[in-house]
Structure formats: structure tokens, C-alpha cells
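Note that the chains take the letters A, B, C, D and E in the order they are written out, and that residue 1 is the start of every chain.
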Amino acid sequence: MHASTARLSLARQHAITGWLLVLPAVALLAAFTHYPALATLWHSFFSTPKGSRPARFVGLENYALMADDPVFWQSLWNNLWFALGTIPTSVGLALAMALWVNGKLSGRGLLRMAYFTPTVLPMVAVANIWLFFYTPQYGLIAQVTGLFGLPSVNWLGSRETALPALMLVTIWKEAGFFMIFYLAALQGIPPTLREAAMLEGASRGQYFRRVLWPLLMPTTLFVLINALINAFRLVDHVVVMTRGGPDNASTLLLFYIYQVGFAFWDTAYAATLTVVLLAVLAATAWIKFNWLDRRTHYQ
Amino acid sequence: MSSIVLDSLEKRYGDHLAISGIDIVVEAGTFTVLLGPSGCGKSTTLRMIAGLDTPTAGTVVIGGRDVTQLPPSQRRISMVFQSYALFPHLSVRENILFGLKVRREPARDHAARLQRVAQLLGLDALLDRKPSQLSGGQQQRVALGRAVISEAPVCLMDEPLSNLDAQLRHDMRREIRALQRQLGITMVYVTHDQTEAMSMADKVVLLNGGRIEQHDTPDALYARPASEFAARFIGTPPMNVLTLETLHGVPVLAGSHGPALRGAGAGAQKLGVRPEHMRLDITGRWRARVASVEYFGADSIVACDLGAAGIAAVRVPGASPCRAGEIVHLEWDAAHQHFFGASGRALPSSPSPLLEP
Amino acid sequence: MSSIVLDSLEKRYGDHLAISGIDIVVEAGTFTVLLGPSGCGKSTTLRMIAGLDTPTAGTVVIGGRDVTQLPPSQRRISMVFQSYALFPHLSVRENILFGLKVRREPARDHAARLQRVAQLLGLDALLDRKPSQLSGGQQQRVALGRAVISEAPVCLMDEPLSNLDAQLRHDMRREIRALQRQLGITMVYVTHDQTEAMSMADKVVLLNGGRIEQHDTPDALYARPASEFAARFIGTPPMNVLTLETLHGVPVLAGSHGPALRGAGAGAQKLGVRPEHMRLDITGRWRARVASVEYFGADSIVACDLGAAGIAAVRVPGASPCRAGEIVHLEWDAAHQHFFGASGRALPSSPSPLLEP
Amino acid sequence: QKAPVEVEFYYPVAVGGPITKVIDDMAAAFHKENPDVVVKPVYAGSYQDSIAKALTAHKGGKPPQLAVLLSTDMFTLIDEEAIVPIDAVAKSADDQKWLGGFYDAFMQNSRSGGHTWGVPFQRSTIVMYYNKDLFREAGLDPDKAPATWTELVEAAKKLTKRDANGQVTQWGIEIPSGGAFAYWLFQALTTPHGEILMNEAGNEVYLDKPGVVEAVQYWRDLAAKHKVMPEGTIDWGTTPKDFLERKAAIVWTTTGNLTNIRSNAKFPFGVAPMPASKRGGSPTGGGNFYVFKNATPEQQAAAVRFAKWATTPERAAEWSIATGYVAVTPAAWETERMKTYAKDVPAAVVARDQLAVSVAEFSTHENQRVTKLLNDNLQAALTGAKTPAQAMADAQREADRILRAYR
Amino acid sequence: MNRALDTLAAWLLGLLWIAPLAYAAWAAFHPPAYATRFDLFAPLTLANFAQAWASAPFAQYFVNTFTLVTMVLVAQFVLATLAAYAFARFTFPGRDLLFMLVLLQLMVMPDVLIVENYRSMSALGIRDTVFAVGLPYFASAFGIFLLRQTFKTVPRELEEAARMEGASALQVLMKVYVPLAKPMYVAYGLVSVSHHWNNFLWPLIITNSVESRPLTVGLQVFSSTDQGIDWSIITAATLISAAPLLVAFLLFQRQFVQSFMRAGIR
């Protein structure tokens, strides 16, 4: 056998196996994600078909429209604040929770359960419950603050507090979710490393910063990207709790898209907004991914 | 300076007793080697001293302070793990400096100390590599470096040289010993290499099945093994232990017709003689058949079949002219005889004049 | 049966050349030991043979078939990893049987084969444990068991005994060798233990910095080292290499006034004599000062300072009566002299009559 | 024998109780009487979910044949060419009579361009619920609800209670303004103030009229000036609870809430029509039957038959009693069951009586988009971000931009 | 000291986190009058559950949901495992591009795709089936991404050892990677099940009959806000539908704290 042809065939064999392994997943993804997503992109260059009025090619008109749409800009800004407000906190809390319930804390089975409940509860139901928490005067928060003689706040009804109130719900919903992944990842870290660090006189904080945190980077990367995407994807609670109000103070981009698409039935404009959202997400996620993945230690 | 006192230490894993009844005093600034067969509890003992595991019974006292309940980080101990336990995400440099950094030791010393340790261990060129890019021996040296640089008053090493070649190991041995002396470190050291144990130790603790078999100086361990186990464990090849029987009231090698063995105390069941203390001698009093010959460069080991008494290995210098199947005669000095009773304990009546002043 | 041929094998990691120009022929059914200092490329070479890494140049031929591009699973090789590579989620039993199961070897044999291997390695009582519940040596034995049970025609072992005690290691050595002979396995074995190399190998490949330094039988390696490096690497303690100079046209030890060294070829810069071939002798022709004495039980090493020529270690049987600072005289036979040129290569003009037929 | 015609029927659930069961029973009963038709009821979620589901199905090529959707979805459905006019299917004289038998107020959202597109089914108006105990405590006549805007403010002032710290413990009035319904409640202010917000063709709106701005100002003043209503927006969903918890003495919400409040109120309460400014009145609300275009003529005919059957006086009465919605034909109120019910629950009559002065619910082409901008601007005004005039001017401008295409 | 502080913080957070569930339990087991008032002596009742249970064919919905999540879970495990393995440990042309395409799915909002996917399901003739509810989720970018990260942290040596023993690529996957990633599988499984257990919009739109609809559609009957919120009923229904998940979590949570990668400790 000729060495170079053999070398080629080994590489090819490897490649073929690789392709075969990803094929089923990629085919399904293509069918149910990429094809519809492409169709969406395509539609963004057309007008919305209405009944017998067919779609006609309008080029970038939808994009121009969007640039002039104050609600779009407001929702984009809201979303950025929302992302900034939720991502670091929920990821940080998730990690803290994972460390707590992974350690020798008393009653950690129960705690694990407590942290995980947000993931189990359906968002619609949860949003309704939070609605009660936020209700002025007799809502749970009002009842508690009332005990201390503090004024009752119209959390969801004021422009200043509506978005932060939604952020809190999101953090609550996400932290436990991400905790699960941190918890699982912690299991893969050999305990000797902790022992070695402790012997070297490392405090728990130092062990965390210098050993655990870098070793958890793959998980953090995963969680960060998901948190980022979720910041733009979770809207169920907006629907139930504020419908974007008051006066768009809590409108998030996807909620707006949802309204444009499923309430206004302006599918072309919804597609346009979606393309922008996709682009923003893809760009940040890709940069983040490439940047972090290269710096991530995978043993 | 820190002495180490282990008082009736015990560790159970479920219903498996890994170690028990371990009483050891390691004096400050001395070098103690833990020796024993695989699985006898050496690493477990080290881990108890380090505080990585809590003993199920007993206490650990370091420098006069009962540290049994103290976390490892408060014991001021450095340790080389048998499995290295290198931080996979840190470079060699960062691995070695890890302790200095977390203990916030003055940063200006780091470079100099690192440089010294790296040079000592031949790691200069590898400082920027990750552990996964190192060979086994290089990884082990990094583990060693991490322990050495800390200059902690107590240092535990678990087979720190097992993956190094003879020469490097030889150098390391000397360096470690020098460092330990110079800094007055109290060292507990696990090794399988007897040369290492013999040449480095102030005291050797021989473990067997989780218990102490003998705790002595290397010389004494070699010259006066307290039991058949100790006798067989020390020496390469190990001491020959031959079965005795009583012929007309005098002890002789089993299956032989004499001569009577001088110095055998009452109840002697076994005779031990080290291979290096036996010689092939045409005038030798014991007749044997050569079973095999192994050549080791500097010397050869001739295995001689003594029939019912067993097989005795004889070390002869250089290449041996013997061939398997040949008949030879063996001889040894009475001074080198060790007698063991039925329980395997050494019988006191066998002095070793050669080693006595 | 499978011979192994490595043809100008090379492996680069980035711009670091781990091995290069490796040409080795391992004949079918023979036992080859790879020897060399830490980081010289032993594991890398094994990994190329196994197919775990692809060489950056050169070919691997096993049993006459070019397997350079074949995945490991198609090479019918078993291997003991230097770091064991035990499956943490499987019990000892499952670890050992792993290969049999994935290769779908007849299930009815499993029990018997497992039992034999477990007994051989003293793992009987540990079969249901997970690797994390084993001591270092026990883990190593499991790794060994996994390789041994497969009875593959080619077996690679990377320091398989480094964490075992002398006695167990001794037994294992014998067993591995017996098994290898009995099954006609082609074995490539990495070890740092020279005794192991010397006593087990048919051939020894001595590597240095990724290149072959010498490929020879153990005897030849000991008796006729091809270079100063080989000379120094083999033997514990290693061969003494003393500096020469030319006095009135004849080669003498540096700084000495003679006597002239017989047999020194032209261009000889260094003289090598093994410690076991030197003796302290009142009539010795070379005068030296005792620098230190180390006692190892069976013998002692006396380090003698020969001034500008260097320090020579002399092995003397038993405990030596010398004390540091004493003046002694050294002697050796001309037959044990090795001469090395400026490049470090051995000069041909120094026959070793003792070992010649 | 021919196979029975199948009619897929999407319906929302907007009120509590086992509605799905009631609908299933209706379909079964219908089939018993009309063996040649099988109506397959499909629960389609809330109003929002239902229109989403129906239009998705329409765009995906497999719409239902019949659906109950908000009356305000009419223009959207027409624009999407999803539905056919009922009168194109129901052409017989009897059918004409049937279509003429509904309250006219309900028909206002069901007609456009000279065609009837929807059949009123679960319809409502806004009513005022008030706590009689609290009225008594405040020294008001519990049997006389405030009937004008001025009276409302007066009463609300008396009904607003503060504790020692000045914290409000009980609000005089709550008019929900959060979520999607702000515009609807707003109509309960503009209608009495004599303003109509859009034309029948649904392509013009009149949001910046001074009267409309005054209505906004009045709403805003309740919180900002009179301090009888909480600042910020008030959630639609929690308003009934506020009332039940005695945190609000008066609330405005749909009559569809009557059953809920009746069963949970621990105090006597009254129901009253919208207080008048220049006149009385409220918008109507709720859902109509629509027949889908994609259906075969037989299915369309069968669908209409079912709608007709479901709105016969007996059925309409039954449905009204089960849900709290207003029975949609005067004839229904003449049935024995309804008469008994009206006697037992006089509050139920208030919504019906209000129909006389009621107007169509705000609905235009691009309905959701226009309502959203109206809602946004109302909320902006209510939270003080914009002046009422500013907010309504903005709303008008935006709406004009959107609706230009439909003129 | 430090530890006590930790424990305190952990529990405080825990209380906060469980508050909604605790509230749900409170409201569900008490008459509506106590839904927002906390009175130790409030009477207990099961009426809310009875009422919720009667409002929808929950038994059938449970079966549907159970079928759905099982189907989705199995498909996701299989497909994501294969793909993640390829992405983590194979090199083939186009790999990075493909991986980016996979990541794209994470970002594409499923809601946006509803119309197109509805069309596809109609074309396939599987509208209104449990299969159609699950199908678009079979290939999960989330799972692929997660498992890829996890597989990448498995020491290569273990794969090498398995390969030396003659294991095929698939055997390596099944016998080394999958068992070592077990905690991640448990995590991913819990999350996937929770997600599909609670997914609403797509099932609502693609299904029409009781035979194919999942639990959430039944639950949604109560969460419409048109009539104001009846917390008692909503919470009762929520508890009914979430109970199996909560129990499953209680059973599986231990799996997280069993260590699988502890070779070579000493």
C-alpha cells in the first residue's frame, strides 16, 4: 500500500465517520430550523401577503421601516439592559448554588430541590404566581414590606420597576436551571486537585478562583451562551405579567416580534426583526464562543 | 520545627480496615520512609498526616499540636501525590508557583525560587507547557517541584521518583536529602525502591496489611529483621528463608542430613540468609543444584535448589560460570544466620556480630 | 506472530521534535526494552506503535503490514499506559474484561481468564472495587491485568511496575516474561529500572533526546556501551568516566603523572570504568582521597576523588571500613577500560576480553 | 347514506369553569339533533392563542371551518381572507331573520362593508362593581352607585382610606390599564363622554379629538389629581382580586366576571352601568362565530347551522347562565330560564340594559397594531410620561400612518 | 464560622427560590378566600384540585405528555450523543461550519418557525399527533452543545485505552464517553423533560384532539387572564401537572453528587 494514499484514506475514513455521526441531527435541524429560518430571511425582503394580495419584493424597505420604528429601538435597548441585568447574576447565583449543594451542607437534597423548582414549574403558572408576589397592597412583597411600614410599590405598573421586576423573575427561573449544569460539571473535577490546593494552603476562595473556575470554564461557556440567548428568548413571563407595558417599558425584542408576528400578522416585518435578532445573537454568541472556547481548558 | 506523632491511628473504608494501630513518632527534622507491599496503607497514612482524610480513630499531632481535626491548609505541609495531582489548566510554572501565590509569599522571591527548583528538576525548558504536554517523568518532577518550592516544615512524598530513570533518581535522591537536611524539614517518604529507603532514611517504618511490622533504622532493618516478613521484604533479591527440621535433636535444613546449624535458638523453624551472604564454595557444606542463573551486569544471581529446604539465591560478582543443572556447594557464616519461630517473629538468639561494633 | 518495524519514525509537537530517525526492528516473539532518561521519547514511540498518535514522518510495520494509517483497534495490540488509564466508572472486574467484551470474545472463557489474571496480580479480593478505591499499586496491577488478559500478539507496556514493591515487582517480572515467552508475544516495554531492563530484555533500545543511542543486547549494552551517554546511563551507580590528558605523548588520567593507560586508542579523551570493576587495593596504581561512603546493605559505594580526572565510585562488598578523607589506592583491569573520543562515541580499540568467548 | 359533514370548531376559553365540557356537550347535543353534521370542538387557548392558532392553520393551509374569536378580530380575518361573510352562506329568509335577531350593539362589530361577518356568541360589556359595605362605611348610599363622572370622583374620594403614615389601605376606584385591554376600558370613558373612536369601515380613528383627550385627562386625574386610584398601570388580571380583597371599593371590568365575583365576594356588592359624562355607555366585548373560507360549501352551511343552533334563545340563555356572558338576543331574555335567572341575579341584567347605549368595541384594520399603539399611549399618559394631549396626538398620527393603506 | 454563614446564605436563597412553589401549595390547598391571605388556621381543602381535574381530561393529557417527553428524550439523547461525539473528537471538513449552524438553532426562536413547521407537518400528514409535537425538537442544539463540552473534558487517555482494547468508535462512545458524562445526561434529561413537559404554544397549534394534546394545554385553561386570575385553581392545576417532575427530580438529584471521575486519587 502506498503510504500517502493510505494516509488520505485514514483521514477520509475519520471524516466519513464524523459526517455520519452528525448527519441525522443536522438533517433534522436543517428541516425544522434552517429551512424555516431561511424562509424567514427570504420573507424579510418582501411585503406581508394579505389574503389575495400576494407578497411583493420590497428590498430593504422593511429594514428601513424598522430603523424608524421607535418600539423596535426601545425593545432592543430594553433587551440589552435585560441581558446585562440577568446574565451575570443568574450565572453567578447558579454557580454559588451548585457549590453549595455539591458540598457537605446540611439538607442539601432539599436545597437542590428548592433551587431546581423554577425549572420544573411551567412558566405561565409561575408568571401568574409572580404576578401575585408583585401585586401592590396585598401581594406577597407588599405584605412583607408592609410589616416594615414601607410603602407599597406598583412594581409592574410603573415604568421604572416593570423591567427590573421581570428581570428578577428571569434570574429566579434561570439560576436553578444553570445550577444543574454546574452541578453535573463539578462531578468531573478530580478531588485530588482540591486536596493539592488545600495542602498548598489555598483558601476556599483561592481554590475556587485558581482551580475550580478555570476548570468549570467549558460549563460557564455553555451557560453564558445559553443565558445570552435566553435573555432574548424568554418572553412567556412578559406575556402574562406586563404585555410589554406600561408603554413598552418592559417590551423585549422577542415579545415585540411575537406581537408583530402573531398579533399584527405582519409576517414580513416580524421576519425582518427576527433577522436582526438572529444577527445580533449569532454575532455575540459566535464571538463569545470563539473567544472563550479557545481560552477554555478541556483537559 | 515539627515532629509528627501518630497515635493509634486507624482508617476504615466501609468494613475494610485500611490501617489500624499505627503509632509512629517522627522526630522533627528527620527523614522517615514508609515501606511496605502494595496496598499496605502507606498512602492512607500519608493522607491522614496531611489531613486529607479523617482517621476513624486515633490522633495526629504535628509540632506538639493535635491537628486531627485541622484542615490540610492549616497544617503547613507540602506533599507529592502518588498520582501527581497537577492542575491541568496551569502551566508548569504556575503549577510550581501555585502555593507561593495562594499563600501570598513575597512575589519578589518567586522568580529566584522557581529558577532554582526548575533547574534542580531539569524543568527549565518546560516552564510554559501544560501538564498534558509532558512526559510521565516530567509530570512527576513538576509535582516534586511544587512540594519542594514551598519549604514547608513538614513534607510528605508518595513515590516521588517512581517514574524517573536511574540517574535522575539518583540525583534527586541526593538533592532531596540535602534540602531536607539543610532546611530541617520533617520528611515522611513513601517508596518502593529499597536503595532509596536505605540510603535516604533516618528511620524506616515497614507496614504490612495496615499494621506496623517494624520501625527501625535502615541498618537495623537490614541486619536484624524483626520477622520473616521484614527479612523477606528487604533486600534484592530478598533474604533466602529455608525450612528447618530437627534431626536427632539438632536443627538442620529440611531434607538434609546436616550439618547442624549453629546458633539456632529453641523453636527455630526457618533459617534466613541473605543472597549476598552466601557463596559458592567447593568446600561448602551444603550441596545444591543450580536451578537458574540470572545475570545483572555487576553481578549474577544463582538460584540453588536445596531440596525440601527450599531454593536459595546466591549473589556472585560478575558473570557466573555456573550453568543450570550443575551441582554446587554453598557456604555462609553463622554470623549471617537469622532464625524465625513458628509465628514468623525473629528469635533473639541470632546475633549479627559482623554489624556489631 | 508479529514483528514490529519502525522506519525513520518522527513525531513533532509544534516545533518540538519529540522523536526522530527512529529505526527499530523488533523481531516477532522477542522482548525489547526501551530505556532512556525522562522525556527522551519512550512513551511517544510506544504511542506511535499503538497508533494512538500519527507519526509526522516514517512508517510502522507490524507483522509485515504497514499499519501507519491503521487505527489502534485494528492493530491487535494491548498496552499498559504509564498513567494506567483505568475506566473510573467500571469496577476492577469490568476494567479487566473490557477488551474481551468489546471484542466479543466468547463469554464462557471470561471467568476463567479473569480468574487467572486476577490471581496472578493479587487482585482477587478487589474485583468489585472501583479504581478510586484502590491504592496506586493496585491500580497499576489492574492496568497490567487489562493488557495481560487480552493475549494480543503485540504488547506494549509503559512502566508497568513502577508503583510496585520490590518483591511484587520481582514476581511480576518473572510472570510477564514467562507469559511473553509462552504465548510468543512481541513485547515492547518501557522501564526505568535497569535490573528490569537487564533481566527481561532480549534487546534494549537506549533513547536519548528522541534519537536512538544504542540498540543492543543487555550484555553488549553493559559490556560495550557505544557512547559515553550509554556508558553512564547503564549501571547503578553509573560507570565512572574520568578525564584523560596526554603526558609526554601517552594518555594518563588528567592531573596525574601516570601511569600510562594501556589500550587507549588515538583521540581518547575519557576513560570509563564501572564501579564494580574498580577495587581498593593497597598496591593500586592510582591514588585518591575518599570523598564519601554510602552503605547499601549488601555493599557500599566509596566515592574517590581523583583530582582533575574526576570522582570515581568504587563498589565494595559489605560495609566499607573507609572513612571520608582517607587516602586510598585504586586499581582496575585494563580489560574493563572503555575509551571515549571527543564526540562521546566509544573508541573501537578497547576490547573487553572478559566477555569475549 | 352519506357520511356526515365534519366541522372543525376552534373555541377559546376566557372564563373560569368547565367550559370545554359545556362546549363538548353542545356539540354532542347538536349532533343528536343533526346527525348529518359532526362538530369537532377544539379548545384553542385564550383569545390570543386562538387567533394565533386559527391564522397559523389558515396560513398553513388547514384552517378550521368554524371558530369563535374576538369580535375585534373581524378586520384581521377579512384582510387575511380567512373568512366568508355569514350572509353569503345564510341566505334564506329564516336565516335573515335569525341574523336580524341579535342586539344591535353586538352587531356593530359583526358587520362591515354591508356584510355580516360574525355571529355574536360570547359577548359582554363593561360594568362597574362596587362594595356595598365600604359604601356604607364611607357614608354613601349602598343602593345608589355613582352615576356621573363627578359623582364617581366624589364617591371615590370618600372610599379612599389612608393609614397613619399616609399609606393608602383602600383605593376608591380601579380601572385596569395594564396588558391588552386598556383601550377597551378607555372606551368606557370615551363613550359616556360622547366620543366614538373609529368608523364602521375600520379605516379611520378619531383619537386626538378634544373630548377624547378630556377622557384621558379624567382617567389620569383619578390617580394624579384626586389620588383615588393607584399610580401607574393597573393589571387587568388582578383587579377582581383587589376588589374581593377590599383593596378597591369600585372596579370596572367585564360582566363576564360576574360569576367569579358573585361566588367569591364575602360582602354584598352592587353592579352598575358606566357613569355618564355627557351620556351613558360602554363598548361591547367578547367573541363571535366566524366561518372560514377554505371550507367546502357543505361545511360552511353546516357551520352556519351550528352557529344558528347555538344562538337559539334556549341555547343562548343556557350559555349566558353558564358563563356570565350577556345572552345575545332579546328573545333569549324572554325564555323562562333566563327570566328566573334575571330575577335571581339582578346584576346580570345591568350589562344587558347597558347595551342600549353601547358602542362597538374599538376595532380597525391592522387591529392589534392600532390597539397596541393606543394602549401604549394611554399607558404613557397614565404613567405621566406624556400629557394626555401629546399621547393622543401621537396615537392619532401613528394610527393614520397605518390605516392609510385601507382607505 | 464561614461554613455557618454559607449555610445561612444557601438556605435564605433556597427559601426565596422555593417561595413560588410554597405559595402554590398554600393557595392550592386552601379555599380561594385564603389565596392571598396567610392565616395559620385557614381551612384545608382539596376542592381546587377537584375543580381543576374536572376541567380537562388530565388523565389522557398525562399519557400524551408522558409519551411526548419520553419520545423526545430518547431521540434527543441518541441524536445529540452521536453529533456531540463527532463535534468533540472527530475532525472532518466543514465541522466548524456545521457546528455554527447547530448553534444557530439555539438562537432561532421556535415561535418564529411555527408557521413553516405547521406547513411541513401538514405536508407530512402528521398534524395533530404526538409525534408531530416532538419531531421538531428531536435534534437539539442545546444537547449537542452541552454534550460536546462534556465529552471534551473526558481524558483522552481513556478513549485511547478503549481503542487499544479494540473498541470501535461506537463502542468507545457507549462505553467510555456516555458513562462518564452520566451526570450531564441526568442534568440534560431533567431539563429536557421539564421543557417539553411545559412547552405550550407549538403543541397548542399543531394538535387539535384530546388524544394528542399535552398537559400544558389543559393547564392553560386556567391561565387566561381575561377573567382575572383565580390563583387557587391555577396553582392546583400547576401542582397536578408539575408533581411528576418534582418527584422525578427528587429521585434523580442524587445522581448529581455521585462521582464518576475519581480514578487515580492518591
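Side notes on the structure shown:
Throughout what follows, contacts are C-beta pairs under 8 Å (C-beta built on N, C-alpha and C of every residue); 3 or more make two chains touch, one makes a residue touch a chain.
Quick caveat: nothing in here was measured; it's all calculated off a predicted structure.
Any chain that touches subunit D and also touches subunit E is listed here: A.
With respect to subunit C, maximal separation of chain centres occurs for D (centres as means of Cα atoms). Contact counts per chain pair peak at A-E.
Computed centre separation for the pair subunit B/subunit C is 22 angstrom, with centres defined by C-alpha atoms. Centres computed as Cα averages put subunit B at a distance of 91 Å from subunit D. Between the Cα centres of subunit A and subunit D there is a gap of 36 Å. Averaged C-alpha coordinates give centres for subunit B and subunit E that are 56 Å from one another.
In subunit C, 71, 83, 135-136 are the positions where the chain touches two or more neighbouring chains simultaneously. Looking at subunit D, residues 52, 179, 237-238, 241, 245 sit in touch with two or more other chains.
Residue positions of subunit A touching 2 or more other chains, listed in rising order: 128, 131-132, 135, 138, 190, 192, 262, 299. On subunit A, the positions that touch subunit E within their shared complex are 14-19, 21-22, 24-37, 39-40, 93, 96-97, 100-103, 105-126, 128-133, 135, 138-140, 143, 172, 175-177, 180-181, 183-185, 187-192, 204, 218-219, 221-222, 225-226, 229, 232-233, 236, 240, 254, 257-258, 261-262, 267, 270-271, 274, 277-278, 281-282, 285-286, 289, 298-299. Interface residues of subunit D facing subunit E in the complex, by the touch rule stated above, are 8, 12-21, 40, 42-47, 49, 52-53, 56-57, 59-62, 179, 236-241, 245, 253-254, 256-257, 260, 264, 266.
Remark: subunit A residues 190, 192-193, 195-203, 206, 210-211, 214-215, 297, 299 touch subunit B in the complex. Interface of subunit E with subunit C (complex): residues 155, 157-158, 160-168, 171, 175-176, 179-180, 182, 259-266. Within the complex formed with subunit A, the residues of subunit B that make contact are 50, 52, 71-73, 76-79, 81, 83, 85-90, 98-99, 101-103, 132, 146, 150.
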